[in-house]
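See structure below.
Letters A, B, C and D mark the chains as written, and numbering starts fresh at 1 in each.
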Amino acid sequence: MLDIRVGEKGEIVLSGRFDASQAVKAETFMAALTESRNVDVSDLQYVSSAGLGVLLATQKRLMATGHALKLVNVRGHVREVLHYSGFDQIFEIEAAPPAS
Amino acid sequence: MLDIRVGEKGEIVLSGRFDASQAVKAETFMAALTESRNVDVSDLQYVSSAGLGVLLATQKRLMATGHALKLVNVRGHVREVLHYSGFDQIFEIEAAPPAS
Amino acid sequence: MAESLEQAAQQSFPRTAACLPEIFDFMDRFFAHAGVGDEHRMPMQFVVEEWFTNLVKYSRGGTRDILLDLKRQDGRLVLSLTDFGVERFDIREVRDVDVNLDLKHRTPGGLGIHLLKRMVDDIGYEYVDGRSTTTFVKKLE
Amino acid sequence: MAESLEQAAQQSFPRTAACLPEIFDFMDRFFAHAGVGDEHRMPMQFVVEEWFTNLVKYSRGGTRDILLDLKRQDGRLVLSLTDFGVERFDIREVRDVDVNLDLKHRTPGGLGIHLLKRMVDDIGYEYVDGRSTTTFVKKLE
């Protein structure tokens, strides 16, 4: 299951698993956005190409009006998938601080 | 079916039928909002108490930070339901211009 | 006689809000067939949705499909919902909510019954052997 | 012998993405049972999701459940998906997408296969009488 909500600083917090069974839910949430936002993925364990598709479509729509999503606290499997997808060229990406 | 999207002026456009089978979808969209918005219901044909519940919960959450939804182009069945619910006291409501 | 038979329709629906689109379709077809005016469509769908979802959410003991019965009779529209194998619950005994509270004190609960009572002219209730039937009547002229 | 038998599991799933949580549960139970390291969980779930959803979306002629077969064998994890009564489609023949395009020219399409190829060490394909099996191999040490 994917949980998607607005955090205390206005950032979008994604947690859980962003797979094809959760894409419609994420799309519905993202459709409400009209401005730049950080997307905190520190608690996102998994993302598949269905999840990447939602992020990419949102980025395209926001960039058309000069806005953008920024992905923060990226690590592990999610970091790997974003990297191999070339998403570092499309999104500003901020890695998670090394685990203490 | 309920369609929910952002219109050209940043307003939320609800169209179709806002019944209990569509409440989760609307909730997911509304969860992304953090600021005041107009909600255009000119093409909303139907709303049930499940739809009212989503509007009320969103209004409560936004008002806690000094924001609010405003309902615009309200008419017909939707107008009647909002009125009997006492929602005119909770939302700023703007009626649709008379049909020409 | 033949005409009066045509002006009734019955269908059972599983206990889930996901059925609502199907229920509304069924009602639309009956309304068209029975020549019920368009101004009644949304209010009567409202009544059926509110009561159907309440049965799904609250009926004690309910596991079977819910029967929706539509009739046009003597210038009145008669909608009834029957729930089988459940405890008694008479909608007419539910107290009205206060819709004049301010936002802080408002909760979404209780609006359904409050509103549906305003959309019909009469409500009946019958309970026999676990069969619970609520009937909503709307005058058409 | 007994041990090698324990290190395999098979299950069929209906052709819908709604099955994914069930598929991941099934994989998690097998991984725990077969002692496959945690670092392989997400990448292998990725491989299975991408290929399962592609079979659902694109397999020509597919109507039957899809078979997922998991094995741990000779220090390797072997995952295969079998689709019955479909046309031939060999994933190894799919050309790579360009992931270095700028946003304007990027589309979400094609990423699935591109990425899954990077998560496995070998891919096999077998097609016999409408039975289409794609096998993904990951070295565990």
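Definition applied: a contact is a pair of C-beta atoms (placed from the backbone, for glycine too) under 8 Å apart; a residue touches a chain by one contact, two chains touch by 3 or more.
All figures in this text were calculated on a predicted structure; none of them were measured in a lab.
Without chain C, the contact network of the other chains remains one piece.
Steps from chain C to chain D, taking the shortest chain of touch contacts, total 3. Relative to chain D, the chain whose mean Cα position lies farthest away is C.
Rounded to whole angstrom units, the spacing between the C-alpha centres of chain B and chain D is 43.
One simple way to say how far apart two chains are is to compare their mean CA positions; for chain B and chain C this gives 24 Å.
Averaged Cα coordinates give chain A a centre that lies 27 Å from the centre of chain B.
Contacts with at least two other chains are made by no residue of chain A. Of all residues in chain D, none touches 2 or more other chains. Pairs of chains in mutual contact: A-B, A-D, B-C. Interface of chain B with chain A (complex): residues 4-6, 10, 12, 25, 28-34.
Considering their complex, residues 1, 17, 19-21, 45-46, 48-50, 52-53, 56-57, 59-60, 63, 76-77, 80-81, 84-86, 89-90 of chain A touch chain D. Within the complex formed with chain B, the chain C residues making contact are 17-21, 24, 42-43, 45-46, 49-50, 53, 99-103, 106-108, 111-112, 114-115, 118.
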